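Mind having a look at this structure? Questions to follow.
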Amino acid sequence: MSAPLLSSRGVVAGYVPGLPIVHGVSAHVAAGEVVTIIGPNGAGKSTFLKALVGLVPTTDGTVLLRDRDVAGLPTSEIVAAGLGFVPQTGNVFTTLTIHENLTVGGHTVSRAALARGVERAYAMFPALAAKRNERARVLSGGQRQMLAIARALMTDPAVLLLDEPTAGLSPKVVGEVFADLRQLATSGVAVLMVEQNARAALRLSDRGYVLAEGRNRFEGQAADLLADRAVAEAFIGVRHGGAEGH
Amino acid sequence: MPELSFLLAQVPQAVADGVLTGAIVALGAIGVSFGLQILRFANFAHSELLTWGAYLALVVVAFAGPGTPIGPLSFGWQLIAAMLLAALLTGGLAFAMDLVIFRRLRAKNANPLSMVFAGFGAALVMRNVVVLLWGPGTYFYTNELQIAVEVLPGVRMLPDQIFILGFTFAVVVLLHLYLRYSRTGMAMRAMAESPALALACGVKVENVVRWTWFLSGALAAMAGVFLGLSPQLHPEMGFNLLLSLFAAAILGGAGSLVGAVVGGLLVGLAENLPILVISPGYKAAMPFLLLMLVLFVRPQGLFGERS
Amino acid sequence: MIGIVSYLVFFASIVLILGIIALGLNLQWGYTGLFNAGIVGFYAVGAYAHAILTAAPRPELIGNFGLPWIVGVAGAMAATALAAWAVGWATIRLRGDYLAISTFGIAVSIQLVTLNWEALTGGSQGLSAIPRPLFGWFQTPFGFNLWFFGLLVAITATVYWGLERILRAPWGRVLKAIREDETAAEALGKSPRAFRLQAFVLGSTLMGLAGALYVSFIGFVSPFDFMPILTFQIWAMVIVGGSGNNRGALLGALVVWAIWSASGVAITKLVPPAHAAQGGAVQVILIGLLLLLALLLRPRGLIGEESVVSRHANDPDPLGKS
């Protein structure tokens, strides 16, 4: 196993000063790995991801991205340093064309890199290439997810963070998205995602973390977590899909 | 019915006047529209940027003179240069306004209505600084007299007005191309749809905001100079247009360039057509009535996206 | 001596009238978060409605019904409520700043009506000889002013007491709940829009009441009593006093009006008459800067809100749950 591309240690984060939601979470992900974070509603999973990318203020802890501490930097710098983020909802610009979405995704890179990135994205998702000059609002849910992933890849990130990438998708499309993520990892990207679809996500993943009440609860090989009765009963339970409620 | 035919004969001229007013309103309303959608608040100080642009150009003209009139126009190239310089300066003023007031409020995560309020206060200060510096009276850029030319049967326009229409059209086309094809233009449109997602994409949101302020200020200055050409400058020139600017921006759909232009033209027509039948004293209330109508019927505007 | 006392009574009366407007704005802004940028319009509706209802008949004018004072006051409040309802009904469901724009628009439009509809409003001449309540009972204007001041104290106290009561009653608590967490309030079956509209109309009605009191104090009305700057002065009162606090609104009325009057006197003394406009501009710039500074440095005002509202209540999180 190679050294982690992203590793966080004791991250404390929250929207309101003095009221942290994440109370010191540590996690890491290496090149070629798919790692999933699961946990009950309100465990702080999503907030943790947003803290990694600087969308939620961190008040303590370190976030090492390729050995550089990026905790507390503005999101634009963290993205430029090699972290891609796919938000859960509202993750494409519906009034922009597919091509424009990709261009905005590559806002920080050079013109040449942008052109290469667009080519790569269309090669990876031919469905997007066919609709490149149409507004993203015409896309189906699964295609929007593809676009959101493609856009996050425009900066050629070392690590890709995804917040519930399969929420609201049909089982068939869930499989496609997971296959795409596995393929990405094979190409050398470190993939870290939060999933509510715990069982399916862990089957695809190499490792997993279980968060509860803003803290690390369990971690281990995905297969071990799936096999662990305590974890399965408390955090995986019977198969269920769909978006996490408010 | 002679009265009706007399009325109808006046319609083409009223339409022409409406289009001219509309062009100036549109130029000013683009900034308001950006403000509503990209900066996310109704900026009551925007109208003062028009006034400041007009007066800053006046300062340049005072130094350089209005120049020898170009052809039938009332002014020379000096006024055009003055306008471009005023656009830069007013862009800078808008930028400074953001730096001193609005950026601080954003950093504090202030309620958007605090921004509205701050704009309200800034407008008052800016308008009265104009009175302080230039006095409450009126000014003209030039003293040249102009003769209206008949552009269509029954429609007469001053050469300056034709220039204003042409220049505005060119600016709008350029701006459209800029928003459509440049990377910053795309980022601005992305911000207009979702600032949060733009941020998550790694867009330097603060830079886009500052650039938006600058552009809004520059466009406002051009609108202000045109307002001053037709025909005079006074401290309330921008303020008197504020309601028209808001009406045009909301009517067209906040954040939409085409919307702001169409909205501006409709506001111009709404100000100029009804006064054929009602007292001209109510002219200034027409944008408000149009605005209320839009808010009742289609609050997202003609070209706006329902959020 | 009597001169100073007489001036102080007059000054205090104006403060109370402005204080009633500030209480109205405080209900809209401080307690409900509604931005009214057309205060002067609602104030003018009340003033003109009262004048039209109570002034002695004149053949060239539509109104001037010569009705009793109390009918004028009630009519003024009803007319203002109607105007506020029309604007609020269309805009309160929309973005917060659209209400600001619409109210600003109604103020501009009302000013145009007062200037142009001469048959109703007397145009730029205004309406005069508006009966002042019980004026005939007093030998001197000072006597009347003293009585009217007493009346204003009683009315302001009633308004203050009434507002405090309804804000502590279930209605006020729902208003607060809506402001803190709209979704939760909605889930409890309370329509935020209806409650906001009620608060907006009630606040504007108080502004109309103040307009009626103003004309029946001064005895005439003209469009020049309703300059847009008044809207700003009232805002200054509420912000300086601390929005969401009724005592603050009244204190703000006193402080801001004192500063305004004193600076006006100072400028008249210091600035030659030829530059009166510039002098006036300085006065406005000062109050504008005061407000901006209050907003940037002391957002809670002089007294501050009575209880802290959760600050993240309006933190939108469009990228999904936290």
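In order of appearance the chains are A, B and C, and numbering begins at 1 in each one.
The rule we apply is simple: a residue touches a chain if its C-beta (ideal position, glycine included) is under 8 Å from a C-beta of that chain, and two chains touch if they have at least 3 such contacts.
If you want to know which protein each chain is, UniProt gives these names: A = ABC transporter ATP-binding protein; B, C = Branched-chain amino acid ABC transporter permease.
Model, not experiment: these values are computed from the prediction.
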Identity of the chain that, by mean CA position, is farthest from chain C: A
Central chain (by mean CA position): B
CA centroid of chain B to CA centroid of chain C, Å: 30
Whole-Å gap between the CA centroids of chain A and chain B: 43
Between chain A and chain C, centroid-to-centroid distance (C-alpha), Å: 52
Two or more partner chains touched - positions in chain A: 55, 87, 90-91
Overlap residues in chain B, where contacts from two or more other chains coincide: 194, 196-197, 200
Two or more partner chains touched - positions in chain C: 311, 315, 317-319
Touching residues (chain side chain A, partner chain B) in the complex: 53, 55, 74-76, 78-80, 85, 87, 90-96, 100, 103-105, 107-108, 151-152, 155
Chain A partner contacts - residues on chain B that touch it in the complex: 183, 186-187, 189-190, 192-194, 196-205, 305
Touching residues on chain C, where the partner in the complex is chain B: 33, 35, 37, 87, 90-91, 93-94, 96-98, 100-102, 104-106, 108-109, 112-113, 115-116, 229, 232, 235, 239, 277-278, 280-282, 284-285, 287-289, 291-292, 295-296, 299, 311, 314-319
Chain C-facing residues of chain B, complex: 36, 41-42, 44, 101, 104-105, 108-114, 116-118, 120-122, 124-125, 128-129, 131-132, 135-136, 194, 196-197, 200, 242-243, 246-247, 250, 279, 281-282, 284-285, 287-289, 291-292, 295-296, 299
